[in-house]
Amino acid sequence: AVENPTIAWSYRDRTNPYWNYIVYGGEAFVESLGLPKSALVNLINEGSSEKSLADVKALLAKDGNKVALAIDANDAPNCRPVVEAVAAAGAHVSTIWNKTDDLHPWDFGDNYVSHMTWSDEGPAEQTARILFDAMGKKGGVVHLGGIASNNPAVERLNGLKNALKDYPDIQLLDAQPADWDTQKANQIMASFLTRYGDEIKGVHCANDTIAYGVLEALRAEGIEGMPVVSYDGNERAVELVAKGEILATVFTNPYWGGGITAALAYYATIGAFKPSDEPHEHREFYGPTILITPKDALDFKAKYLDTNPTYDWKDFWGPSNGPIQYKS
Amino acid sequence: MFELRKVEKRFPGVHALKGIDFKIGRGEIVGLVGENGAGKSTLMKVIYGAYQHDGGEVLVDGKPVRFHSPREAMDRGVGMVFQEQSLIPNLTVMENVFLGYEKQFVRFGKIDWKRMAEATRHQLEKVKLAIDPATVTSKLSFAQRQLVELAKVLTLEERVDGNLVILLDEPTSVLAKEEIELLFTLMRDLRKRASFIFVSHRLDEVIELSDRIYVMKDGAVVDAVESGKAEVEAIQRKMVGRDINREYYREEKQRPYDEGKVLLELDAISLPGRYKDISLKLHAGEVLCLVGVEGAGREAILRTVFGLLAPQTGKMSIHGSPAGAVSASQRVAHGIGYVPRERKIEGIVSGMSVFENMTLSQMDKYTRAGVLDIAAERKLARDWIKRLSIKASSENADCGNLSGGNQQKVVLAKWRSGGSDIILLDHPTRGLDIGAKEDVYDMVREMSAAGVGVVLVADTLEEAIGLSHTIAVVKDGEIKKWYNCPPGAKPSLYDLIHYMI
Amino acid sequence: MTLDRLKQHFPWVTLVVLILIVGAMDPNFLRPQNLVELAGDIAPLFIMALGMTLAIYIGGIDLSAQSVANMTTVLATITLPLFGVFSALVVIAVGFLFGAVSGLVTTRLKVPSFIATLAVGGIALSVGQFASGQRALYMDAGQRDRAFGWMLGSTAGIPHELVLSLVLLAFAWFIQNRMKAGRILKAVGAGELAAVASGLRVDRYKILAFALSGMFAAIAGLLFSVKLSGGSPTLAEGFLLPAIVAVLVGGTPLTGGVGGVLNTLIGAMIVAVVRASMLYLDIPATSQQIFFGIVLIVAIALTIDRSKMRIVK
Amino acid sequence: MANMLTQDNLQKWAPLLVLVVLVVFFTAVNPNFLSIRNFARIAIASTPALMIAVGVTFVILMGSIDLSMEGSVAVCAVLFATFFAALGGSLAGPGLLAVPATLLVGAVFGAINGLVHVKLRIPSFMASLSMGFVGIGLSLLITGGDRILVEDPLFRSLLTVRLGGFPLMTYVAIVALLAGWFIQNHTTIGRNFYAVGGGEDLAHASGLNVNKVRVICFLIAGVFYALGAMLAVAQIGIAETVTGRNLMFVSITSVVVGGTALWGGSGGVWNTLIGVLIVNVIGNGMVVIGLPSYVQDGVLGLLVITAVYLSTDRRSLSFVK
């Protein structure tokens, strides 16, 4: 056990509301220890796995085993070298999102504390059903996805496909990656409108930033009332849900995720709990997902977004959502 | 009115101007001569504000001035025609003439092209050039461009009140006879308003024109001669620091060539727009000279032989066998060497050392399994530096920092040391001073003696006549006339010009 | 004169000064072990920059390097089970080929390398996406260690990645300074027309330079995918700009003919130190980009040797 | 007529020809492509890109390069949104002042870019690349990573109100393009870009203050980036740090595809218009004809090579790097 380790969060960038909430959560946790926000070290990889790994190595070189690291490794393959480096330094790491299926915390004793991810297939299927029902169970749908090789992007498309099985009259016209990018989504949606025109009766988006681009493409054409569903539960998206412009989005509570991931790494580092004593479902688990629809959007917003709820950062697994299931 | 006192200029590693005292009065024409690298251009550029002196002072009407940029100099009536061409090729003639001074034609932010064209026409008239001011400059001939440059400098006449100082750095090297005459007439006419500093390697011109001649050597003014007392030989001695061989072109060393051995044969090659029906035979030991006016197609013929241009029809054989693929590397492999006119662009690679330049065309000889034998390369370079007395601090010196003449020697050494026996010389002495020229002439003779065939495009007709065994007069891309030129029975200038134009 | 001589040394002086500045904040940074590991961690980026150096040395640029590396991570992961250690040869050959195509497009079709390599990079990206099925793939740990375990780990405190980098550097340096090919590349960078007029087969060597650049990019991708034990068509994102920056900060200007692979070693280290310095100097998250930009300007202003650049475009 | 078909002319018009061929091809595969509605879609996607590309055209004409656009656009976009909100959030009121203020910001950022390049004697490639990082960083500092919404209906009417089938923002872009053309062909500074591109040392020796021309050029480019930034905000109603994402390579590709030489001295804003349209028509067309997403990068690459190949006058080029 180590006193006063450096607490660090390594993530993609600061240009996206999702990661901002992750950081706010991390900062809230740091403050819960009586430290200033600035005590949280930010490692920003700008979407580069290379930089992600180099930053972690540099941090470990600086502080050795006195590191409690929370990280999204940016690309699944990058998770292994990060974890190995942390373990070699005797520090502690908790990861979210990107990890290959063959990598498990319990293979690294106490150093790889935990991995949390979100099962996106189920919620994406739910939003798809909401979308199909709004379309009157028939007509064409298009999907705009994330970066094609990203895990969540794959899962969210799978969710849509699962839902399709129960709706024989709904047809998936096209699915193109929009790289989580508003501009790109905007242009692809415009092109879809040319290709499919009135056939499009609904749009399934892999996240909120994509949905914004889609909505603007529709607005430019003066198309109103097109059913659109989305994912992430950003503040603006929730507002749009409240107005009915988006029919549903899914909140993954990045604020809590950001705080609890740092907390897990921290408390393991100072020896408050021993990860290897914990069951597997405490080391690999799903994060919470909350479906937001127009009915509950305002309530939800008041509860989760207008003020950040105070969480107990020692309640590691309370809001979580069960152990990770691997599909072979 | 314009005076330099103890002016100093240093470049990294070079003391280019050493305590220059220099004076030019109102309406004077002052000649400036010296060997390559003596510092003439540098001196001019200091006066013009392109360089800043770092010692001594420049006085105008007795008051010290310092021009930080050419612009400031121009505003004070100093203009310059550069040694190298300095028009911007993608702009029109009028844009070039008024570059930097467009303001006079601007109305509400918009350039009035009509007025600019008119003003340009007026300037072009001064140099008797009848071209459309809207022509893109790259479409002009070499000589036309030189005249446009002159016209551009002459805009000073209208733009600046008071006295002008016009600097001419070797303005005549690309001009034809009449154009030179025109230039001289212009200069004499302009003396009411302008003084001139005139740099040329043609001493007779300088003496003819100047009121006073400054002789520079190694960055210092070694003599100032009043025109009346100027004598070509005395000046040359001062410039070079030794006597000039009277047998300038080494005629006495000219030996007959070997008629039995044909190195290169062109059989009716044509390239539409460039040359037509060119046939010739180059023998071992022969100097074959192509004479003609600028643009007659001489350069294109050389570049064809070297594999840089492809003839459309006709045959070419080297050492008795067909020339094969059109590529320079193929021709080099067959023993052809090329000394291009644009020395600094095609001749040497500046930024590379002397030895690297010398072996550039023959690296295979110094390469085993792809690896260079650098020690051997260095040795070769040291030998040739000694043999041609190339002025370079060592074989590792950057070739781009050598003076023109020495760069030329490096290029010649490159081909000679590589064993090329057909050597194409395009204006090999352009811009070289007498000393360096003599060295080149010596090399030509030495090559002949060694059985090398030379195709020469000479800088001047005298040079062509003096050096060659055979002369082909080229006009409009066709060979109009052949001359044999044994020592003592050479054709006259007049003979040649008759067929050239 | 003396200043002129000194200029040559500015890149490494800048590096040392940067290291000392960071060291002043935290003396731990100066531990030799730390610096050696820092150098080891920059290895993939450095290897890509090595190739990029050759492209820039002839006055071109290679913007396909990152896409080629991306593709390589996918191909390496796919071919590892099939060919074991020989999958390295496959991906290196593919990288070489893509580079050669860039070279061909540049020399034969006369498309500037800036555009040609960008376009060829697009093709590489498509190949990577297609081959991966647009998913992240991972290598079997055992297979990886058997074939490429030697690339990772360290001996006597020296990371193998660093050793690999230095071997490749020596290889590139030898080509550049001791081989005919290197001499010709220099001539092409410093004065292409004179090289042509000396009878050199300039186009071939330009193609070679791009091909080598592609090859080094592939090696960088291979090393990275081995290190990460997997591949994906986006795995090498974020390599390109730092690699270019490493070359330029090292003192090889875009005009070509000057600088070289040793400079790139220094440049890559400067990039590594600047990145690490964010941590040591406690730069807040939202200021890191500005900091990087400004340090970059300062570093370049210090390192580039302007004496051989007549005009600065 | 024979005169019209010379190689010179063919090459000059090659980019336009390529554009026409692309339109014909995409229409043949999917007739929906050829419709005013789709052209409007392409126009919407093209307008911000066109402004950026026109800006960088001037820089490329000088033989320099500017890689700062992503940062510059980010700064301008977020500052525009910030000013706009601070000034009341409506184009009908004092919010209008945000427009000139943003143009000024673009000008200042461009000028700094130029000054860093000229005063520190750093090649523009490096100077602008670094300034790009600074710009992104600056916008991050301003927003803290958040997005700023611009919802004023009057401002958004740039996208939502159409004239002759095309949204108002297209007309704004056309006016700006004409301004660019005027600068290029009829002002001293514009002609000086060509002079510097044709031979910088010669221009200097002719008394041109080349450094001043350079700085002004980067400044003008900055103004166009600011315009592009505002149109990008008009297009999606959001200003954020990533507003300029991907614009760097796309805009330079567009400029070159349009037939402006990367080494300076030839080409211009009309070429750039064609280039931007080519790139955006390809982007739109590939989706419209249903190309799988994973081949799109490769196809774009091939088409770009083809377009540049056709429009390059290889005879006048001694070499290309």
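As written, the chain order gives the labels A, B, C and D, with residue 1 at the start of each chain.
Operating definition for what follows: a contact is a pair of C-beta atoms (placed from the backbone, for glycine too) under 8 Å apart; a residue touches a chain by one contact, two chains touch by 3 or more.
Model, not experiment: these values are computed from the prediction.
Set against the C-alpha centre of subunit B, every other chain centre is closer than that of A.
Measuring from the averaged C-alpha position of subunit A to that of subunit B gives a distance of 71 Å.
With centres taken as mean Cα positions, subunit D sits 34 Å from subunit A. For the pair subunit B and subunit D, the distance between mean C-alpha positions equals 43 Å. Counting partners per residue, subunit A has 14, 148, 177 as the residues that reach two or more other chains.
Counting partners per residue, subunit B has no residue that reaches two or more other chains. Shown for subunit C are the residues in touch with two or more other chains, namely 129, 134, 193, 196, 286, 288.
Contacts between chains form some other arrangement here, matching none of path, ring, star or all-to-all.
Here the touching chains pair up as A-C, A-D, B-C, B-D, C-D.
Taken in their complex, subunit C has these residues touching subunit B: 1, 3-4, 178-181, 183-184, 186-187, 190-191, 193-201, 257-258, 307-308. Listing the residues of subunit B that touch subunit D in their complex gives 50, 69-71, 74, 80, 82, 86-91, 95-96, 99-103, 106, 109-111, 152. Interface residues of subunit D facing subunit B in the complex, by the touch rule stated above, are 182, 186-188, 191-192, 194-195, 197-199, 202-209, 265-266. The touching residues of subunit B, counted against subunit C in their complex, run 12-13, 306, 308, 327-329, 331-333, 338, 340, 342, 345-352, 356, 360-361, 363-364, 367, 370-372, 374, 414.
For subunit A in complex with subunit C, the residues that touch the partner chain are 14, 23, 38, 41-51, 53-55, 57-59, 61-62, 75-78, 80-81, 98, 100-102, 147-151, 154, 177.
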